[in-house]
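Heads up, the next two complexes both have subunit A, just with different partners, subunit B and then subunit C.
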Partner chain A sequence: MSKERIKIAEELYDIMPAEYQDLVKRATYGNEQRGWKDIGNAKELIEEHSLCAGCPESMAFRYILASLPNPEDTVMVGSTGCTSLVFPHVAVHNIHSLFGNQNAIASGLKRALSVRFPDRVKDVVVLAGDGATVDIGLDMTLQAWFRQEKFTTICFDNELYANTGGQESGLMQKGFVAKMAPVGKSFEKVRLPEIARESGCHYVVNCTVSKPNLVEKVIKNAVHIAREIGPTYLQMYTPCILEIGKNSMEGLQEMRDSEKPSERFAYKEFVSEPAKELIAELAAKEKERKAEAKRQLASQTVAVG
Partner chain B sequence: MATQTSFIGQKNKKDQVYTDPWNMMFEAERTPSFYTGSEVIKEAVRRASCDMMVAYPITPQSEAAALCGELFAEGYIGDYFRGESEFAVMSQCAGAAFGGARVFTTTAGPGTMRAMENFPMWAGARLPIQMIVTCRGINSPLSIQPDTLEISYLMQTGMLVWHAETAQDFYDWILMGYMVSEEPDVHLPLALCCDGFFVTHTKDMVNLTPTEMCLPPYDPYRSPVPCMDMECPPVRMMRDPFVMKSNYISYATHASWQQEVWAAIERSRKHTIRWMNGLIETENTDADVVIVASGTAVSQSREAIAILEDEGVKVGLVKVKTLRPWPGEEIKEATKHAKHIIIPEFNVTGWLAREVSATIPNNERVHAGPHVCGGMTMPPEIIASEIKTVLGMKVPALAGRG
Partner chain C sequence: MTTTYRVMPGPEHFLPPSASSMGIRLPDPGQAHIHGSIVSEEEAMEQAAREFLAAKVPTIFPGPLVLWAWNEKAAKKAKAVRHLYETIKDSVDPKLQQAMLIPMPDYRPKYPKINPEIEINPNHPNLTIWHNKIDACMFVGVHCHQANLSLKIIRGGTSCYTVAMCAQAGHEDAMLSFRDATAEKIGRLADWVKKLKGTVPPPE
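So, the complex of A and B:
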């Protein structure tokens, strides 16, 4: 799809909702240079969200949607939880079906899109919480990676079941006292990034969403690598401020505190050899594009001058 | 976006001609072939222009699922793989159908139960997936033998549910099934059930349509809901997700959508009647005793009817082909003269008898039984014996019945 496809017939323009008119006029579909800096300047692919005030997940959603390299041909797959309250506001086709089956849905979806559109790029991106990814859906998460399914899995890790009211999850820290862990969680936080690497993911990142430029970089890498090589996994800390006793304005600091070098969300990445080559290729292309743009600008300046 | 309006007459990559389905099913020459039920499934899928099949081993459908893999290797199916469990497989099928593919899968017994959460989701999402269910026991201790209990669960999911008697039914209904379930006013998944082993593992003479003809491809843009391929404009679905709301509008939305799914089942009636020549088949329904049955219980009933005929007892027969849509009016009409309605079933609960009892007037006429389960066969003699008992005739003691 391109921006062409969402054009409104002239006769019907005035009866379309203002936000749709806005989407047609000012969205960044088809702009290869789109990124987090478009936030606030261009029409975003997420409308007002329905999460708690100050929820870091809402920041994460905005950065990710702004960073998708190919939103006009991207289908997202979600799962049950707070993310499923946001997806209805997102201007990218997205599927909610059941709790925990997101990587199975994405496997079928990606293959179907490959069968139906063999000559076109259709990206599939999974975005689900830690309960869906690591607990109830772990089997399907891992099996999709074993099979080398070509899509990106993003886990919003808030270290508990937020939407159901703060119950223990596999990604919760050991010792944390929560609902269903009345004397503290008895085992360590599941080391899914390491498991992802061993399961065949070509690009694995563990980080917070405190830095939009970092989110943009890892999203673009993850989607490109999944498209060309194989599965990629991003685990992003999106703390549930409500359930860890923080105020609305404290989410960002919580992420900054948790990404210090000795903390559990210190930036970690794994990149397979073929993925490294692809990243280098993409970087070289980007460099060439910038140089070309500079040359063009210079020639225009000369012409004007 | 696909803008092609017709594929009829064109060839696919296997040189099969996309054929008008009505011509293919009713006018093209048929070739009698001696095949197992599993092989018949393969032959139907060969002609079904499927984009995707997801497989998982469970007896007694494993052979059919593996044979479809051979079709993929030969190039007849767009993609094929083994999933990790039935729950995952049915979600993978859903993902493919959300993405606009014609999808086929098979399962059985415990697999059906494991995957159950997917089925109301398929129906609610209006995904016209076709699933073959080769029924087997779901009880503990472990059983792999025929038993139709799982059908009673499927009947509440919002799926179309058909119950094949023979391999010939299977062959025709797989192909017709796509034509019915993909209609825009239906667009629902189909559970095409048979009694495991009895149909899958026995050989039968089946009349096949020509190999060089196949169904036209699925057109996902005839769906009543958007195909998730970013080929049509993505609009924000709603300002606030209904799941967050506890108000009348939220309840009304969910209620009306469920009603719409069940209305779509009803709307499938007209298409099903056209393709399958009715939701039921009847014989001698003017008799005092009428058997109502589905699946291989129909075949056994035919044998019982022959036995009783030799003894001078005339018995009618109603073969129930579709369970969803439920042929309530048809059964009511077909049993209106019957003094006794006998309902033999391959399960312990007698779900068919319950459905019939809830449908017809004067339902004290319904005799739920005989029931066999856990893999037992149903000798025609026990059906004949049940009928004689009902009629007050002398019945010789049968082995196992005391």
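So, the complex of A and C:
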């Protein structure tokens, strides 16, 4: 369906830069089984980016874009921060909102899309840092959840304002000393996943992005649940290696260390009852699809034999 | 309102005023403008063809509205744009002139840097103009706001002659602008180029 919509005009095909030709020929639009395993095999929906070498946020971006179930009909809403350096390079519709009001923008956008395209599935995904989600934009974040707006909120939690040099944020851990927070954080990290659950989110996950298959699973769940049932929230640890004094190759290990059972990013998941039913339904459909694919493969093998 | 302001090749200065703020008005259907003066469409066709034939590097910048086959109309326009380019290429002296067809596939700023040999970007169109030494160009299939932005930046920082083949009401900020562009209209411009071939002195 979507591949039919993104055709380069035949007469001007040869002058189109290679990255656009690649998007049409080798990207995974319209492929319902798209996922992180396409990275390296298919054209990614992210072109060059200007994040730091080894930045875990860039890994997270790649996994998320590879896992969106319906990228051609998805609009992402970003906010001020390092993520806004990446959005100009992604082949998914996106809006840069004012710092903090990303969930308010997404609310209006989702409603407008439902009116404008009643017969088409349109997903809205908010992607913002912890400052935008928890400090400056907490009002908009919570109000969207209270109203049961049907979109996914992803928070890239790097536990400080990394983009502006390391100021304290609500999601910073207690006692942490940052470049521009020299006395150390005096109160506990805000427990937003729990607040999200109490505010009406149907699917809440707290995790790191060290495991791409896990990121794929939670993104797909979150988008499907938001589409059918109500708000979903993912809090993902994407440490800023510069601000915590790590080298480029140490981001992955930092995430692994932080997801141990006793640590603050140990995997936590909340799924509401209706969301559980939907996940089970989706899993059953997936199982059936795989069985059907297997049957088809077997019949082809017999025919060839 | 009358004005003495004329939309001329630059470099005007770093931030040229928008032509509309200087009193330049858009043409009515069936008309065009040259340097801000309203003229008949045929007169503008002739002038645009002359500018292409006299330029060292006459260039067409097709934008997303024609680069992508959104619908049948867009595909037809793309065909017409290609035809115009081929016509200009065949009508200029290959020893002295080089016709170019450079796309504007995206409006977002390109990082870490744009490749000016293969594309143009509305946030810094002057880079492509400078790099390829383009002295006459035509925008077609570019959304209004991005075309205005490009045309102003080009007028501000380069001496390139700008033509807008606009599908809406035209562009004051171009030195020459058509309105209500169709594949047929682009074809007529190609006919003018063909007709004037050999009559316009090549650049020195």
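In the analysis below, the second predicted complex is superposed on the first by the 302 of 305 C-alpha atoms of A that agree within 3 Å, B and C clash if a C-alpha of one lies under 4 Å from a C-alpha of the other, contacts with A are read in each partner's own complex, and residues count from 1 in each chain.
By our rule, contacts are C-beta pairs under 8 Å (C-beta built on N, C-alpha and C of every residue); 3 or more make two chains touch, one makes a residue touch a chain.
Owing to the predicted nature of the structure, the values given are computational and were not obtained by experimental measurement.
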Counting touched residues of subunit A, say whether subunit B or subunit C comes out ahead.
B
By the touch definition at the top of the document, which applies to A:Q143: first (subunit B), second (subunit C), both, or neither?
first
Report for A:N101: first if it touches subunit B alone, second if subunit C alone, otherwise both or neither.
first
Quick check on the superposed pair: does A:I6 touch subunit B, subunit C, both, or neither? Answer first, second, both or neither.
both
If you stack the two complexes on chain A, which partner ends up touching A:I15: first (subunit B), second (subunit C), both, or neither?
second
Go through the superposed model and pick first if A:R116 touches only subunit B, second if only subunit C, both, or neither.
first
Using the touch definition from the top, say if A:S50 reaches subunit B (first), subunit C (second), both or neither.
both
Interface residues of subunit A shared by subunit B and subunit C, listed 6, 20, 50, 85, 88-89
Which of the residues in subunit B end up touching subunit A in this complex?
1, 51-52, 54, 78-79, 81, 83-85, 87-89, 91-101, 103, 117-118, 121, 125, 226, 228-241, 243-244
Could you pull out which subunit A residues touch subunit B in their complex?
1, 5-6, 19-20, 47, 50, 72-75, 77, 84-85, 87-95, 97-98, 101, 104-117, 122, 139-140, 143, 147
Subunit A contacts subunit C in the complex at 6-12, 15-17, 20, 48, 50, 85, 88-89
Within their complex, subunit C touches subunit A through residues 62, 66-69, 74-75, 78-79, 81-82, 101-103, 105-106, 108-109, 111-112, 115, 118-119
